[in-house]
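Sharing a structure with you now.
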């Protein structure tokens, strides 16, 4: 059984194509593994029965020669994607009992491409967090450990990251607003790509910050990410911000050849106090790409420093408005009150956790009369400058290499006392979110404590192919084969 | 600019989140920290910079004027905590 | 345009009025979803997942609604903004499922324009349009279905509205009334709003302030929300202006607030529920992109505009020689104007106008019908007018025939009625002469009186002859013969 679990998604695809493996066998193996992994608190809702049925149906389709891009692959779905007939919570108390009568476009694309759903994964409440500790359903444990210290998987897509890293799913969906795919991928030693804003439809995905939210895959390999992304993405007329461009065969981009490419190394990412091991890994990455025939050049993204504070105005502003619909009237939790306003205020106080409340309040504040120009408009201006920085650099280079996060996974419960310190987890991922460009984290090495560390590749808008190609080369060079301690027993 | 107790209760009302009296000061401190931190943006020169209004350069798509949706009263009320005869119910609003 | 001055205890006051009209856009589907806009459906049946603001639902704009807004802007001679932005107006209310209304705040799709008011005395005055923007309508709260709860129906939620904001250019209830009627007429001509205030497809928020005659500064205004008829708008302005004058004259200050007009009590009162300081936290809706219009499309819409009431009235005056008053009455509704033109085509325009505004309107009014449902078609009325001008019937007989036609219901040909009922005018001199002679012979005393100078009695003779001919004698010929025979 364990060698089935060792198959990548691409490996399982080939094994199923060759008739060496059925989707039911693969799915059953993952169900057993997921049950064994319950300690990690990965799934909010398990849908194992549905998975088995789905696997059988997939095997039947395959027998008739109908094979989708992710045919028969048992996936974990972040609980931010609305799934028809299956509880969808966004890890929030306020969505208690919410069972959508509709399917998100991204998951519908996956099912159309043959995938099987194992369950809905835990996450930071409404995708707000970098530790998965803000979930109403409790924190998720990272399959990686240092000694007896339980670590966070990162966030917000922490359940999805732990699922892929801990073999509780062959691959998973995540969403990334400021780093929520890439940072947990780095913490859990897996691959995660946030595509260009507009690649994946946002329809049916619970919104956090509309101008930033993007769905993407979390996988064990770059190839798996390419396959998954192609299956998830595509134009959706129901989302006005969805892009019409055709979806390329991302897997075909993995040529392994980056000779002559120019890779930018942004000097502003060399933060004061950046741990030595992160700097060293970054330098190593630069060397790997140079060895593969790319030319690494120093570039400048002068407004990098302002990306986080910009993000912490724009994202809460949008969230404060996006979360207004959770009002106890049409779905989810309701706490009765004597008046309409009292019902609203009690429902939302009980339904939203501390971090969500903080961000909703910050958002309301920065949009309120007298502050709008100083905060919101200012932030959107700085955001324009950040996007311009990338435009200028991408006039000179094909991709950018940075660390994914300034640190490895930290202990559960750590960094909770200081929200701003928690925000710093996303210092390297947020700029690309603000600019809307694609970014991918690839596991590249281990920290001194033996924890995974990722490197991030950023690309031009709608040039995920270059990102994947460079990522593939990095993956090859890094040869990251370490397994989480949890898997070893 | 400082986000005090009074400002917190004002925005908490705008956001319809009940904040217990005992939490106001603590919350004001937390939020004020964040606001002070984001205020570093003031040092960026944004003269002649237009605020970003869209990601990318797409034009807004428009739908045709065709009725393609609706007629799903059961669906739209299926998750309502309190409903009756296809209506949502809320505590009585006095005009 | 008599000036509207209110005499207070401290001097003369004038009232300053601006109107915000919410006009429901005529379209099949809602502004940002594919659900139907039609009235009268069972609760929450014209509601999509988007309209109910279910998690993850996104708006996609309806092209027709944009077109209607542009069309309206062009009809108001307004500037069209080829770049505009949709914003979120954030507030909580039971009938607002998203917790925000998608609207346009800083950059509306239509800028400044004009509406011309036509006064009865033929004078005109321009009222400025400040802006027009697109936004979503709210749902409805029903308060009498449940003892402790309000019932929410979202059928109307998300229907497109045009908010049309005037400048504070009106100075009397009459002007506000004329403005609303003219605006409604333009919207109906354009086919962008049905203008039905009673059904709520057109609603007015009235901004009222008062100031001493001669002052140029604007005083604090109050907004009277959601007034649902032209008459109530006029009444509301009257009572609100009086209230404000009393407040000022008692040494107090008028507070800026939202008020409600109660037509039963004939007063406005403060809406305390809206009293809580609003802070709508407008910001551009990140689910949408800027609304960019191709000039070619705008030009295409402009080319498709119908002739609007002002231009039509001008043309009626020059083409048919109508008075300004008649022309404006006839152009107020597109259907009436079209009816008139069909009836007047190639005929005496003034006569046609008199028939339409007199006999036709009278009959329609009595029957409670619109011109569109007139039992007498414009073509038939035209044929009736032909019979008069061809001397086949007299004007008096024509009125009788018109009544017969109106009552018939099958839009009969007037010539046929003349034929069947034998109403053709008698123009045979011999036949008329015989009747005149008989009348003279029967009334020698009266003839003597006329000859003695009592000229008025001649009319009595005409009546006798007409009566004897059952109205069919040509009155001109009767007159002529009587003159000749009596002297």
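Per-chain numbering from 1; labels A, B and C assigned in written order.
Criterion: a contact is a pair of C-beta atoms (placed from the backbone, for glycine too) under 8 Å apart; a residue touches a chain by one contact, two chains touch by 3 or more.
The shown structure was predicted, so the numbers you read here are calculated from the model rather than taken from an experiment.
Set side by side, A-C and A-B show the greater C-beta contact count at A-B. Think of the whole protein's Cα atoms as having one middle point; the chain whose own Cα middle lies nearest to it is B. Rounded to whole angstrom, the centroid-to-centroid distance between chain B and chain C, based on C-alpha atoms, equals 41 Å.
Centre-to-centre, using mean CA coordinates, chain A is 58 Å away from chain C.
Distance between chain A and chain B, defined via averaged C-alpha coordinates, is recorded as 23 Å.
Each of residues 49, 52, 54, 60-61, 90, 92, 94, 150, 152, 279, 281, 288-289 in chain C touches at least two other chains.
Within chain A, contacts with two or more other chains are made by residues 98, 100-102, 211, 237, 240-241, 320, 324, 327, 329-331, 340-341, 344, 364, 368.
The multi-chain contact residues of chain B, meaning those touching 2 or more other chains, are 13-14, 16, 53-54, 58, 60-61, 63, 72, 75-77, 79, 82, 88, 90-93. Those residues of chain B that touch chain C in the complex are listed here as 13-14, 16, 53-54, 58-73, 75-77, 79, 82, 84-95.
The touching residues of chain B, when paired with chain A in their complex, are 1, 3, 7-8, 10-19, 27, 30-31, 33-35, 37-42, 44, 46, 49-56, 58, 60-61, 63, 72, 75-82, 88, 90-93. Residue ranges of chain A in contact with chain C, taken from their complex: 81-82, 88, 90, 95, 98, 100-102, 104, 202-207, 209-211, 237-241, 317-318, 320-321, 323-325, 327, 329-331, 340-341, 344, 364, 367-369, 372, 376. Chain A makes touch with chain B in their complex at residues 97-102, 196-198, 211, 237, 240-241, 243-244, 303, 306, 309-310, 312-313, 320, 324, 327-334, 336-346, 348-349, 352, 357-358, 360-366, 368, 371, 374-375, 377-385, 387, 419-420, 435-436, 461. Only residues 27-29, 33-36, 42-52, 54, 60-66, 85, 90, 92, 94, 141-143, 145-146, 148-154, 260, 271, 273, 276, 279, 281, 284, 288-292 of chain C touch chain B when the two sit together in their complex.
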